[in-house]
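Quick one: the structure is below, and I'll ask about it shortly.
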Amino acid sequence: MNLDRTNPEAAIAEAAKACSNWGRWGADDVLGTLNFLDAAKRREGAALVRRGVSFSLSQSFDMNGPQKGWRRRTNPVHTMLDTGTDAALGNQGFPHGIGGADDVIAMPLQCSTQWDGLGHIFDHGKAWNGRDAAETVTSDGDRVTGIEHMAPYVAGRGVLLDVGRVIGENGELPDGFAVTEEHLTATAEAHGVTVGRGDIVVVRTGQLSRTRRDGWGDYAGGPAPGLSFTTAGWLHTSAIAAIATDTWGFEVRPGEFDHAFQPLHQVAIPHIGLLIGEMWDPDALAEDCADDGVYEFWLAAAPLPITGAVGSPVNPIAVK
Amino acid sequence: MNLDRTNPEAAIAEAAKACSNWGRWGADDVLGTLNFLDAAKRREGAALVRRGVSFSLSQSFDMNGPQKGWRRRTNPVHTMLDTGTDAALGNQGFPHGIGGADDVIAMPLQCSTQWDGLGHIFDHGKAWNGRDAAETVTSDGDRVTGIEHMAPYVAGRGVLLDVGRVIGENGELPDGFAVTEEHLTATAEAHGVTVGRGDIVVVRTGQLSRTRRDGWGDYAGGPAPGLSFTTAGWLHTSAIAAIATDTWGFEVRPGEFDHAFQPLHQVAIPHIGLLIGEMWDPDALAEDCADDGVYEFWLAAAPLPITGAVGSPVNPIAVK
Amino acid sequence: MNLDRTNPEAAIAEAAKACSNWGRWGADDVLGTLNFLDAAKRREGAALVRRGVSFSLSQSFDMNGPQKGWRRRTNPVHTMLDTGTDAALGNQGFPHGIGGADDVIAMPLQCSTQWDGLGHIFDHGKAWNGRDAAETVTSDGDRVTGIEHMAPYVAGRGVLLDVGRVIGENGELPDGFAVTEEHLTATAEAHGVTVGRGDIVVVRTGQLSRTRRDGWGDYAGGPAPGLSFTTAGWLHTSAIAAIATDTWGFEVRPGEFDHAFQPLHQVAIPHIGLLIGEMWDPDALAEDCADDGVYEFWLAAAPLPITGAVGSPVNPIAVK
Amino acid sequence: MNLDRTNPEAAIAEAAKACSNWGRWGADDVLGTLNFLDAAKRREGAALVRRGVSFSLSQSFDMNGPQKGWRRRTNPVHTMLDTGTDAALGNQGFPHGIGGADDVIAMPLQCSTQWDGLGHIFDHGKAWNGRDAAETVTSDGDRVTGIEHMAPYVAGRGVLLDVGRVIGENGELPDGFAVTEEHLTATAEAHGVTVGRGDIVVVRTGQLSRTRRDGWGDYAGGPAPGLSFTTAGWLHTSAIAAIATDTWGFEVRPGEFDHAFQPLHQVAIPHIGLLIGEMWDPDALAEDCADDGVYEFWLAAAPLPITGAVGSPVNPIAVK
């Protein structure tokens, strides 16, 4: 697929039309591609637990994160309502020596490891399934496709595609590297793994490993490796349930058009209805996969059922 | 075990001594009873996925919650940074028709479905494993046993003990009902299920079903069914990894002493090192278990790795 | 003025037309009636400082407030980032014995003593000065009439109208009592004070005194004494700069129509451009005014310049 | 006064002893030097209103601030609960065409223009008036000297000392410039103004003007002009009620000791009981003072009565 760098709007419109899942699961659908993740897929995923080892694919939630304030996205602010220090000094008013600590968090739902909900991105005023964005996501939140609807379902077969390791140098793709369908396919072949309907695909580019070494820099919103706009067709036809990356924004930045923002999001979320994960940390899992050569696993990555949310922090757990 | 209602401090001290796991996993331990949940247990848990159906055990995270402000605990406040309404009106400054919605949450980590971290409760200035509470949980958070340490591990075999259904009337225990070891054992026998080392036990009292019908009332901090103080020994010797209930506070309220706050917490968290879940919603799962007679399942309940947190919201996923 | 209780929309439209200040201060105006508060008025106000005594007209900002969550309005949540307890224990990492305490607040800008900004209320999609509400107040906040524009100006001559004391029994008006122009005029006459162009008028109904005695009850949104819808004309022709009350919502509740929400707001803010204060605490000042018979004073009530805010917490200071 | 750069602890101890106001206003005092601001001073201040012009001395409260996350200090996060966009689309459920916008803020109380409360800084575990810091400022906030106690009183005579203009080049002092008593005195003389008991002194260094031109850089916590440690004696003997600067931290940075944090704070707040303002914006006022040659004015700078707060955002209003 050749892209005309000068005409993103036409390319987006074409891909949107080609990849649309609108109406596929009925007019009332609130799950999008998560519909592909069915009971059979969960059985298949659970059967992948052979050794019983588990991995968190989550980054930390704290002030040492990459956010710099763009669109009011801060790092998580965690404060204490009560502490052990106060308990030890008997400041708390409880009887018989009991003491307690409580805490509070304030954070953007997009600040660290997250799922993008179906109400997170729109195309020309349209949300997932052809709904009117203006009616769907208001100041009250996502009144139709809030992420709470996905709460019970995000557990199934996970597949790691360590593109950084297979295609990159020293395990990392450079910033601006566009990962194409060919790269994904080659990686899967190198791993000896297949990707198919209902899978949750985790793509490792290696950018997060780089920031661990070099500091966050512009991780939040700056140049990054990521999926090529041209993967829209594969994202659609593969019928995967979800895809996540170790980058801020899932798709390559700067993009493949002269001037665009997140063109692949614009197709993937409102038209494909694809569940997208960002800022995941697949590194510990990737080490293990490289060691044992097994790139598929049981994955549970349940969003918090925050009513009306267009995203959710998540701690994905992979078990092999 | 007979309790002297008038002397909680002695009873707590005695139970603390009898049930202590201090040093059991070394001086540096940050996991407590989660150490019991090992690879073999995860394999056992995964093997319980037979039908592939999944359930969320999480309550909602929104303003319609039970919190009334005690100790500054509010319900979650979810606000939008960007909306579909703005996107549709072209207010966002993005090119080519893309629009987006972002959101923010501010919430106590103990406001809805949660895990209590090991730094949540102290006994006479001592935290889990005998640490000095004053040094462990400061205004910076839990500097030693923060819940982030548990992030990769909380996935294994879950067992539902629907005490409300087995022991209660119409599926519910009344407020103030103390669930004893005998009740737990009788329930397990009625279910045909065993509870053992490394399991995550979910106890349904039915109180949440009642609030669904009657309104929250004093769900947050008021009278409730819950575990008897006398179960401390069972919580210790059973070697379970974790236990969760459908109530605000896990243990019975009002308690079994004339004047005490949360005496079972005071033993279970700092001395046993027990991972405790509160405000879970087991009702949909319980219906299914009653239907198919299977009360064991795969359970993934990964806390968010909020650095230094003494608790975490969680969306537990059960798969059968 | 007789109101047709059954037709609020017509009454609102009529009052809006009769009282409109649209265009009065130019198309770009962002100050509304605050334009009436000029340098001469500030000189007049300062000259009222005779004894040098000062009063805060602010309620507290803490969890013991009246908010119950309606429209996600909570009471202020104040948490500590560092404490003296930690400082005393040397937990902070500072040299030479210095210790510090920092804190954080999360609060609705309408939670306690406040000014309503010009972007707070709309009438049929129109904001102050005839602007399109949809373009003016977006998820980015009030992009035109944010309260920051008022930051330097809200200081001048204040007048207390203690209607509770003059008209009520035992110093209090009952809930549902509609304060008319006649009540206001009679009160001013009883006080021996005049109200005119550029003044900041503080109306005491006595409801806050009642809640101090009886508890908050439904102070936030429930029945209350307050200004009659029929005062719209007076609010317009008197050319006052601002008006504030000791109630949650400024106007009488339940209102004078069979079914309406805040009809006087709907006229006063978007059409008159009136600066409205709510949840003020005039009680200490009122005691002093009753004692010395002087109901006019210097008043500084500067909103925080929160960029794009449609309201601001404020601590009004009256000096006599 | 010659400082031994190598021994801050001794110098602090000496200054603390020399400048202590402990007990001066009784054992129960919660106001510190604000006690100097009496009724006579307020009358004197009000009499300074000659022209009636008013100025805000507040910086903005928004994401475009200088905070970078040190000690979890973020810039203010302002979000909307309701917007005009939603109102215009009829999404709000109100009758008769009324629409509304509400908003929320989350911010450190030290993030922008602020007063430091008396519980903000400690010396060797001691808070203002000799109180035990550990007992005074806990996780519940400042239980004794919370800033709410100052709410009615901070209005009086203000004096601008534009040291940047008088001593600096092009109106600005360079970073690291220590402002001494001699500089303050010379500036007052150049202005033809006196500073005395009960005054609120505003010191302009010009650093804020520089950041306006060059960007925030390290304004929050980095090098800055500011008061010399040697001014401790003057701060004490002058009996001023309060002092504020246009810098992040009031005192010069880096300081005059080889290794110290905020040595002047350590004397001024816990020992002198001095009310300190930081991050004020005196630039518009300073322009006016340079124009008319009058450097004294009526100043109202009322902190929000946030219960137990160790600081407060403030919008100071100067009227000349």
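Lettered A, B, C and D in written order, each chain numbered from 1.
The working rule: contacts are C-beta pairs under 8 Å (C-beta built on N, C-alpha and C of every residue); 3 or more make two chains touch, one makes a residue touch a chain.
The structure presented is a predicted model; accordingly, all values stated were derived computationally and were not measured.
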### Message
Looking only at C-beta pairs that count as contacts, which pair of chains has more of them, A-D or A-C?
### Response
A-D
### Task
Could you work out how far chain B has to rotate to sit on chain C, using CA atoms and steps of 5 degrees?
180
### Message
For chain A versus chain C, what separation do you get between their C-alpha means, in angstrom?
### Response
45
### Query
When the centre of a chain is set as the mean of its C-alpha atoms, what distance in Å lies between chain A and chain B?
26
### Of all residues in chain A, the ones touching two or more other chains
72, 77-83, 85-86, 89, 91, 104, 106, 134-135, 138-140
### Query
chain B touches which residues of chain D in the complex?
77, 79-81, 83, 85-86, 89, 91, 104, 106, 139
### chain D partner contacts - residues on chain C that touch it in the complex
8-9, 12, 38-43, 45-47, 49-56, 58-62, 64, 71-73, 76, 78-85, 87-89, 94-110, 119-125, 127, 132-142, 148, 151-155, 259-263, 265-266, 284, 298, 300, 302-311, 313-317, 319
